[in-house]
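After this come two complexes, each holding subunit A, first together with subunit B and then together with subunit C.
Entry: the complex of A and B
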């Protein structure tokens, strides 16, 4: 076993230790530690990705002295390494681009507490990506829930407190459903590790025993993770939380934290239960219809928003709909498209939240559209970044969003009849709706600002922030132009995933 | 003859009735009133005020007025009828949903294998090894301690981190930051929002009892932690007992005296030292285990106090984190600080 095999384990423990260490530091040192840790995790994830693409199969890593069904374990494959690389890159860029605003939303004495939350959220994201044990999933989802609450409530005004109260109630309900599902599954099988669970469940399915409890378990866990990832009928907490949180927090919440719940759901479907059983019980179709409904409803609500950040937040609901539509198809092609959408959307959405904040900032902290006129000239890099991310949301060629829609459409062509028609119509209508609100926003930030408004002098955005926004936009471009290798990794990764 | 109570409004029945008839909108207002800290963003507020002056005579004001008017039109309907209709519907629907969930869950539980029955598929090699080989492999007489701190130590590291992060989140929400001269950082948080002066007055009986009880409680907690690998107990339960002692001391002697030995820096140092010890020890042990090397930590003779490898120090670390965290939760029920 080479040292690189240990990197996923190192990155998890590094994040957790950094979180613990940060509580002792002052605000400046805490920010630097967070910055370095996210950079180090990014580098280690790239090495892991490099290693796993050269291996034929994924490998397990024992967390302790005891082998598989007795001790904890993490399992590393291409898909996991790719997700870790993507998410840590998003976190790294968000930290660079958003931290310089921190004095406006968190006092100096509490900055180190804020950094604890970022470090531990990253640790939880990594654990959820790599882990091979259902109970570890639950423990780290707890950490993630608390961290994301704290990430929002650092800005203490009435809006965030009400939003976070709603967020917390919904998420605790989701955690409860998840815990109920996991404990029922443990009651039926007596295992918590994923491979033994899968074998036991296969045995039970073949004998036809305990089918109804298994269906209930799948429903509970799907609903729990659906609530936590803002799946359509459970999206009620999302807009307020994303809109009123500080920029870094919104970027992290919608960019990586929401996505890692979906990653766990895919892992649960493919590695734990086995997708064949779920399809034989007709359960994926609920996800499919929820996804399509989310694509429509999220976009329609977004059109009627007057506040730019709420608009971006609602578009997040629509984009999560794409992911669930892909998973709900139940085919390999559908899930590949969904995973690709997860990666693209995490980059695009964090870029949108960060650049929106910059645009609002140069318009005197007013989020209504008619105050944003000309914001694209007042802050040129943020305007370009916002435009590019919007184009990707709409699905213009040469952006990641285009490849997502293409892949979803190709996956939909594998079906016949109603399903095929539904996928294609949903994609077409949702593209139109996306175009309505995103292009409208792009046009409005480049309109001539009214002469009678005097915008206040703001200190200029630092160069490194512009660079971080630029790198994010470049990532979107690369995902749109050279998507082939990424799709290959996802395809091979899914085969070795289960 | 019954007297009408003056606090009828705040009684549970009244609140439930209010919720049923007025819906959750009543709660929304209540939550906003109760928890909103009336501090506009220090930076944004000044800018905003400047704006109000600047734009008062231009067409943007008109636009805003129109928006406001539209808002009011919509809102007045919502307030007059919409919310009531919606929330009635909402209450009935949520009641039905809850009944449905209870029904399905009970049905599922009835179909699950009986707990402890021999034919259940849940009886397998995992539990067998924990029970049969647990003592040899971990050196802990208490199987539970062996399981949570050796077989599944990574989960327990996560659990201790949950406590730590929860305490940090509460600190973000409720600690009032002060400058070096003692004045609050955000000017608008007035002194009255620091409600630590509501703390109990000096109560001779309570103080007398606490003087006797607190040391005994501490001793008992320490015993439970140190004996965690030999008998039922361990870091989580022992830490909770120690924190109960701390809370009793705080309640009887007040913040000023408790602050002489427990401040924010005590909390951060204790949790930093114990959690980083846990993380480092387990990093070493996991690294050795995963790469197939011997960790070289002696297990000792089962039953002796110094035995079972890392479990005893880890129990101490977990106990300290739990004690500090529980105390912080209690102390911050009064907004202000430690």
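Entry: the complex of A and C
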């Protein structure tokens, strides 16, 4: 066992201990520690990814002193390592790009508390990616809920208070459903670790026992995680929360925290229940239809928004719809496309939130579209980043978004009849809708500003922020050009998942 | 039917409690009542979970009289899980109450609909 085998555990431990450390530091040191920790987690995740792709199978890591059926453990495979790498890269870039204007939102006394919450959120995301135990999932989902509540509330105005109240009510309701599902599953099987659970459930399914309770469990857990990841029709809390939070928080909330719930759902389907049983009970189709409905409704609402940040937030609902449509297809190709979309969207959305904030910032903190005219000239790097991310959202070739739509379309072609038609029509219509609002925004930030609006003195954006935005845009480009290796990892990872 | 419900008394009660909690959470407009509903909902799940590990006639799994036989004790895992769950519930109740205090200081009401209307009028 080489040292790299321990890296996933180290990265979780590092985030947690950094949280304790930053509580004792001043604001400047706390920021540096957060930079360092997110960078270190990124490096360790890359090493883990490198290790797991060279291994034939995944490996598990014992936590505590008791072996598998009694003790807790984490499991490291290539899909987990890929997700950890992607999410920690997004967090690292968002922290670099978003921290310099945090004084506008976070007072100096509270900066270290903000840093603790970022560390805690990263720890929770990593645990959710790696864990092999369902109760650990519940505990860390609650930790993540509390951390994200604090990440939003750090900006203190009426809107964030109201948004976070809705957020908490919906999320706690979702956790309640999840907990009920996990307890029922424990009652049926007597296990909480994923491997013994899977074996027991396979046995029950073969004998045809407990079919109805299992269906109820799947419904409860899907609904719980669906509420938490802003799946249509449970998306009501999302737009306000994303729109009014500080930029780094919105980038993290929609970029990585929302995605880790979906990752857990995929894990639950493949590693706990077994996707064949879920398909045999016709349950994936609900996700499929919810996904398509989300793609449409999210985009239509986005078109009617007058505030650019709410528009970006509503487009999240639409993009989550793509992921659920992919999972809902139930085929390997569909889920692979969904996982790829998770990665692409997490980079694109964080870039969109951060660059939007820069554009709003150079327009005197006004978010309506007509104030944003000419913002692309007032802040050139942010304008380019926003344009590139928008192109990916629409699905122009050479961007990650194009590959997502291509993969989803190919996965849809495997079906016959109505399903195939639905997938293709949904993709076409939603691309059109995306084009309407994103290209409209891109055009409007490059239009000539009206003469009667006075814009504030230009505050120079530091170079490293431009660099971070540039690296994010480069990632989107790379995901669009060399998607083959990433898709290979996802494909192999899903095979070893079951 | 009734016999089955009576046999699984704890489960029946916890499902009823869950329903009560959920109704309060969704239908009440007062924030404090919503939080109480949330707690009832969670408590019902803990009852459900704890009853999974309870075996009639056995004792709590604490070795006192030197009896080390597994048959003498109930299953300790659900109890442990419930304890973890209670800690989680306490922490988010505290957060929700803190939020409620903030909202009340700002808007002088606990009615969530009224608060939303008031917030909509503010500048973003």
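One rule holds in what follows: the second predicted complex is superposed on the first by the 497 of 498 C-alpha atoms of A that agree within 3 Å, B and C clash if a C-alpha of one lies under 4 Å from a C-alpha of the other, contacts with A are read in each partner's own complex, and residues count from 1 in each chain.
Simple rule for what comes next: a residue touches a chain if its C-beta (ideal position, glycine included) is under 8 Å from a C-beta of that chain, and two chains touch if they have at least 3 such contacts.
As the structure is a computational prediction, the values presented were derived from the model and not from experiment.
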Partner chain(s) touched by A:453 [first = subunit B, second = subunit C, both, neither]: first
Partner chain(s) touched by A:172 [first = subunit B, second = subunit C, both, neither]: second
Superposed model, subunit A: greater residue contact from subunit B or subunit C: B
First (subunit B), second (subunit C), both or neither touched by A:139: both
Subunit B versus subunit C as contact partner of A:462, first or second or both or neither: neither
Residues on subunit A lying within both footprints (that of subunit B and that of subunit C): 135, 139, 142, 146, 149, 153, 157-158, 161-162, 165, 180, 184, 186-187
Residue ranges of subunit C in contact with subunit A within the complex: 18, 21-22, 25, 31, 34, 38, 41-42, 45, 48-49, 52, 77-78, 81, 84-85, 88, 91-92, 95-96, 99, 102-103, 106-107, 112, 115-116, 118-119, 122, 124
Of all residues in subunit B, those that touch subunit A in their complex: 28, 31-32, 35-37, 39-41, 43-44, 47-48, 50-51, 54-55, 58-60, 63, 67, 104-105, 107-108, 111-113, 115, 120-127, 129-130, 137, 150-155, 157-159, 161-162, 164-166, 168-169, 171-173, 175, 177, 185-186, 268-269, 271-272, 275-276, 279-280, 282-283, 285-292, 295
Subunit B-touching residues of subunit A, taken from the complex the two chains share: 1, 6, 9, 13, 16-17, 19-21, 23-24, 61-66, 69-72, 103-105, 107-110, 113-114, 116-117, 120, 123, 127, 133, 135-136, 139-140, 142-143, 146-147, 149-150, 153-158, 161-162, 165, 180, 184, 186-191, 196, 200, 203-204, 209-210, 212-213, 216, 306, 364-366, 368, 370-371, 450, 452-454, 456
Subunit C-touching residues of subunit A, taken from the complex the two chains share: 135, 138-139, 142, 145-146, 149, 153, 157-159, 161-162, 164-165, 168-169, 172-173, 176, 179-180, 183-184, 186-187, 192, 243-244, 307, 367
